[in-house]
Amino acid sequence: MTGRQRADRLAGLAFVAPAALTLAALALYPGLWVLWLSLQQRIPIFGIARFVGLDHYAFLATDPRFWNAARVTVVFTGVSVALELVLGLAVALALERQRRGRRLALSLLLLAWALPSVVTAKLFEWLYHPSAGLVNLLLGRPLNWLGDPALALPGLIAADVWRTMPFVALLCFARLVTIPPEVYEAARVDGAGRWATLAWITLPLLRSILLVALLFRTLDALRAFDLMYVLTGGGPANTTETLTVYAYRSLFQTLQLGFGSAIGVVIFALVMAVAAGYLRALRREGLAA
Amino acid sequence: MRARVRAWDVAMLLLLAAWATPFFWQVRTSFTPDGELLATSRVLPARPTLIHYRAVVERSVMPRALGNSLAVASITTLVALAIGLPAAYGIARLPVPGKGLLLLAVVASTAFPQITTVSPLYLLMRALGLRDTWTALVLANTSFALPLLIWLLAGFIREIPIEVEEAAFLDGAGRLGTLRRVVLPLVAPGVASAALLTFLASWNEFLFAYTFTATEASRTVPVALALFPGVFEVPWGDIAAASILASLPPIIIVVGLQRWLVRGLVAGAMKE
Amino acid sequence: MRWAALIVAAALVLGGCAERRDSAGPVTLVFKHAKILGPSDPLPGLLREFERRHPGVTVRSEPLTWTSDEQHQFYVINLEGASPTFDVLMLDVIWVPEFAQAGWLLDLSPWVTREELAPHFPAAVAAATWGGRVWGLPWNMNVGVVYYRADLLAKYGLAAPRTWEELAAQAQRIRAGERDGRLDGVLWQGKQYEGLVCNVLEHFWGEGTVLLGDDGRVLPHVDRAEEALTFMRGLIERGVSPGWVTAGDEELTRRPFGDGRAVFLRSWPYALDLFEAADSPVRGRVGIAALPGHAGAAVGAGTTGGFHLAVNRRTRYQEAAVELVRYLAGEPAERALTAAGVALYPTRMALYHEPEIVRLRPHMPRFHDLMLAARPRPVTPYYLMLSTTVQPEFSAALVAVKTPRQALEHARHRLEYMLGGIR
């Protein structure tokens, strides 16, 4: 190794070391610690710390509330992401055809995305008010959005789609504007109509960015917490209790750090599995590093 | 042709304004007096008032929370930049031993669910006696801000042609010198974008802030809003005013600093 | 890393211990309490009087946040730390065993005699005791009661109901007779929060069963518990109670009754002061009844509630803090609070029959009898865990997402797991 190479290696280590140490302390170490916690019955305020092995996981496997939370999470994620993708794509396509006022358009669009999720929750809580809320005013019916077990989850999903569609729209839009106009020219010359162009030219070119958006949004939806916790608190009779809300309540309402950690580990495994699956798919598309 | 495009432009703007209606409704609510709140069918309030904003600014914890949020978000961004920028450069340009593993760790960290790390972090903060302090929040926010920042910045640095740095070496500048005088100016817009995204993420963060703060001493804006007090009935007008105040930095970033924000968002996705 | 942190923390605590003996210099006590609601706030006056009697001692009053959950979170986070930021605290009765078990409260047994506790309601004293030791002094008392429209019942020649079935029948009869579509039958708190547990427990007791048996068994008679929940759900299905009670808390249910739009209301004593206010539509027309039992089952009882005063174990001024607690729970102070008409009732039984006070609040003797017959929620350090576990199950039964049987089975399954191994 030349002196220069050795200097480079040392420099590399020096540059990277603080970040590596910080990540190890704040992410890696807690990641391992939570595994250890999930194997205990741990109630800090009473000083209870008892090793119970896999008991928590065994309980969760037959716990109706866990499976309800899992179902709510999957439904929330699936419906929310599907709606965001479809709407986001539509908005991006429409936005691409806009010539004047794009900056204003983007401002209006990104507003929903940039707001803190707690603000969004309070916003929709007021919109869904049974007598004074805008939604019921427009519909003309006194629906009990946040109190009716059948309406709470759709209401939550609507709030989430409102908040996240702009992100998908932006990604698609950014990709759309990089498509050279010659591509469309060639299609027109070949006699392709508008819909054919969309289906056979535009969408295939957007495929990669849509997959990336799908990845990001799915992971975010699986991990979502703020919106449901503040808007419904888990909903009427746990109809909007996702895995994250279930974990948080177990951890800090009942102060059972061991049991709550077990749920946290399950969420972690789920998210990692989904991420790994997506990354493999993206790699096959030749997109990932 | 021009006329038709113009109609489309207007239609798009109207459509997007309609999408943003929930927010505008909240703005309207913040200026509506209590009497008109619960029995209304007008678009604009008959007698707009500043009473809610006055209540929030004078009698609530929001001003203190705004200060806390500003401090925590700024410090987090600075700390993450200070640690993350060199790390990003090292990953992008230097032969770091175990780089593959480190990169994997960084990417994995961005996917970490906050709910998973909140329990060990809670015990850690408790053991260090850091509950209800800015330090706790900065540390917790750094745990997700740092990997995100490193990933974004590494991408931006890789965009700079290697020849530019080589030229600097040939001119006799050392590693640090190159970093300071050549790379930094070129990557500055990317740094700005990444910093904006980090600031925004930290400002909006709720789970850690809710768990690690107990009093107004360290409570941030999202937590203060979630815990907004109501004696008997919910003060929708005050909450609306507080919500608008809480949204000011995000709005400023979206409207005023849009270019950098968009760049950061898009780069994060395209650099997959 | 954790061990190092623990050693550092231990050093800090031990270092702090050295300061725990009462210092001779000026003393400032910090008193944490919830805001006192009512026409006037006599508390500052009482605290100044205490300062006059104890020269060298200042008392600083610090209010707590509004909701019970937030107060609990505040206490948990702050009492776990090493340094005491407050000396005297106001506690919901359901927290006393928990805080005592966690070692946060000063054991008052050496300071307080049995004679001193005798004038207070036995239920209140029982709630302040854990493991045979006294951890707080009773301060405010609460009890679940049923309010009814005496004028409406009299109009139909009805006496106050003694069972829930009778109550429901009366409500339906009056509603049919009045032909008022907006008149509800009975309002109660069915929202998913602590208040729901109080309501459900009252029905359990009315069926002759409990949530937690004395032997520690969870839901010892599931059949009777199922009857109770089925009845509550039935009230909504039959229209005796409006559907929105499943989202109703104290205030949401008090207002309609106070506006004259309901025949019965299950609530707490604080509501009566508001019903008897000068501008109340139901002034002079509200009667108080005991919580009914269920037909053919058991006698009903209301849930107890209220607040105690306790001392932070890590206070630096033990003597002064204990004196403050004894002063505030003492007879003159409780009398002053009651006379001021605040929304909390005293724990000293004698005050309920004092002529002065009865003149100000004529219903005191009635409440006294109801409080004597009242029952506490399960007294256990794990009460909060218990409550937050059963709340969603009860709520699910009430909104018909689960059958009552399912809800109870799920509740039992969870509770047995959570409580297993730690009792």
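Residue numbering begins at 1 within each chain, and the chains themselves are lettered A, B and C in the order written.
Going forward, a residue touches a chain if its C-beta (ideal position, glycine included) is under 8 Å from a C-beta of that chain, and two chains touch if they have at least 3 such contacts.
Every value quoted in this text rests on a predicted model; they were computed, and no experiment measured them.
The minimum number of touch steps linking chain B to chain C comes to 1. If you tally contacting C-beta pairs for each pair of chains, A-B comes out on top. Look at where the CA atoms of chain A average out and do the same for chain C: the two points lie 40 Å apart. Look at where the CA atoms of chain A average out and do the same for chain B: the two points lie 16 Å apart. Looking at chain B, one finds that residues 123-124, 126 touch two or more other chains.
Touching two or more other chains at once are residues 29, 44, 252 of chain A. Within chain C, contacts with two or more other chains are made by residues 73, 80.
Partner chain B is touched in their complex by these residues of chain A: 5, 7-9, 11-16, 18-20, 22-23, 26-31, 33-34, 37, 44, 91, 94-95, 97-101, 103-112, 114-124, 126-127, 129, 131-132, 134, 137, 162, 165, 167, 170-171, 174-175, 209, 212-213, 215-216, 219, 222-223, 225-226, 229-230, 244, 247-248, 251-252, 257, 260-261, 264-265, 267-268, 271-272, 275, 282, 287-289. Taken together, the chain B residues at the contact with chain C in this complex read 123-124, 126-129, 131-132, 214-215, 227, 229-233. In the complex of the two chains, the chain A residues touching chain C come out as 25, 29, 41, 43-48, 50, 52, 59, 63-65, 144, 147, 149, 233-234, 236-239, 241, 249, 252-256, 259. By the touch criterion given at the top, residues 2, 5-6, 8-9, 12, 65-66, 70, 73-74, 77-78, 80-82, 251 of chain C touch chain B in their complex. Chain B meets chain A in the complex at residues 5-6, 8-9, 12-13, 15-17, 19-23, 25-26, 29, 37-41, 83-84, 86-87, 89-91, 94-97, 99, 102-103, 105-106, 108-109, 111-124, 126, 139-140, 142-143, 146-147, 150, 175, 200, 203-204, 206-207, 211, 221-223, 225-226, 228, 236, 239-240, 243, 246-247, 250-251, 253-255, 258, 261-262, 265-266, 269-270, 272.
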